[in-house]
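Sharing a structure, written as structure tokens. Questions coming.
Think of it as A, B, C and D in the order they're written, each chain with its own count starting at 1.
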Amino acid sequence: MDGVGISDTAAGHSYIGDKNSYLSQLRQIEEQVRGVHRMVQNETYCIDVLAEVSAMAMALEAVSLGLLDDHLAHCVAGAAAASGLEAAELKVKEASDAIARLVRS
Amino acid sequence: MDGVGISDTAAGHSYIGDKNSYLSQLRQIEEQVRGVHRMVQNETYCIDVLAEVSAMAMALEAVSLGLLDDHLAHCVAGAAAASGLEAAELKVKEASDAIARLVRS
Amino acid sequence: MDGVGISDTAAGHSYIGDKNSYLSQLRQIEEQVRGVHRMVQNETYCIDVLAEVSAMAMALEAVSLGLLDDHLAHCVAGAAAASGLEAAELKVKEASDAIARLVRS
Amino acid sequence: MDGVGISDTAAGHSYIGDKNSYLSQLRQIEEQVRGVHRMVQNETYCIDVLAEVSAMAMALEAVSLGLLDDHLAHCVAGAAAASGLEAAELKVKEASDAIARLVRS
């Protein structure tokens, strides 16, 4: 938790602002997985299990979109502001690849 | 057709065949959520966290597709085979709604 | 248009009921593609082009979900009602594959 | 940084480099929509229509991902490089919203 410091900002990333929010979202998703596990264990009707899995997928998507937004704001724009467009090229490439994975997942 | 036990038809579903496989997939997803939680805790680079979240979303999607397939095979086709097309209408409607949620999540 | 006959119903599919609705939805999507083409031609701001492409993707998704729903109601449930669960197995497999492609696209 | 022409910065964007490629992708998608229209007209088997619609959705997704990549590289990173992080904030917000729409479509 106290690992954020100069080296992190130097490394060009930081999502400390929303860290607690992400951690709590992830805890909730973990609860949801355990809930789905229990539903399958108890042979709950598939449609009800599917509804819960879809809700979980949406919650996960919200985490991804949040991380991506942070990344664009801090890392991509940050690299461009600090070191110019060319320096930001790798960051843009990384972000685009992550977006493609997200869209396809 | 006679492979469906009384309690199963009573409950209107059965995915017992793949139950252990689902349970083990869900355990793995739970591990993945915990892994992502740790990554955020340790402030791992967003792009690496995103890659893991996308992998998790794919694993979750595999569970959904499996459940849906089971549902179509057992409940939808089962209701139609046992009680005719009209009787299957509600099952089809439910399945279609679940597919729409899945596609949009 | 006059191609629907005994062989078609025998073949176990029919979406004649919604045919005109599908055709008109597809005409609209064709209009949308042409609109996006014009936007790119005129170098409209990317974000506005993207909004239009997303709207088009949603319209396309609505067509897919409609076709799938029809397919489940007529072909999958139809095969099961007419010829039993085992006969419907191939139809279920086809539908599940189509759903997987849809979810991943 | 000085590669952005006056007219481009005035318009606030530039994807001219790939313009012809986008236009040709969109022409192909238009062909695909017409193909799907013909398939529905001829009452082609739903599963085959669905396969074509999924292929079209993938082609459309490729256009979106390309536009988004261009946008991040030129507009978001461009604004940050030219005018600093705060100036890029609106661009990031716009891009994030477009990504969210894309992921949900």
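Keep in mind that, in the parts below, a contact is a pair of C-beta atoms (placed from the backbone, for glycine too) under 8 Å apart; a residue touches a chain by one contact, two chains touch by 3 or more.
This is a predicted model, so every value here is computed, not measured.
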Residue-number overlap at the chain C/chain D interface, same or different (half cut): same
In whole angstrom, the CA-centroid distance of chain B from chain D equals 31
Per the centroid of Cα atoms for each chain, what is the distance between chain A and chain B, given in Å? 22
Multi-chain contacts in chain A: which residues touch at least two other chains? 61, 64, 68, 95, 102, 104
Graph of touching chains, which shape: line, ring, star, complete, other? ring
Touching residues on chain C, where the partner in the complex is chain D: 1, 3-4, 8, 11, 13-16, 19, 22-23, 26-27, 29-30, 33-34, 36-37, 40-41, 43, 45-47, 49-51, 53-58, 60-61, 63-64, 67-68, 70-71, 75, 94-95, 98, 101-102, 105
Give every residue of chain B touching chain C within the complex, in rising order. 1, 61, 64-65, 68-69, 72-73, 76-81, 84-85, 88-89, 91-92, 95-96, 99-100, 102-104
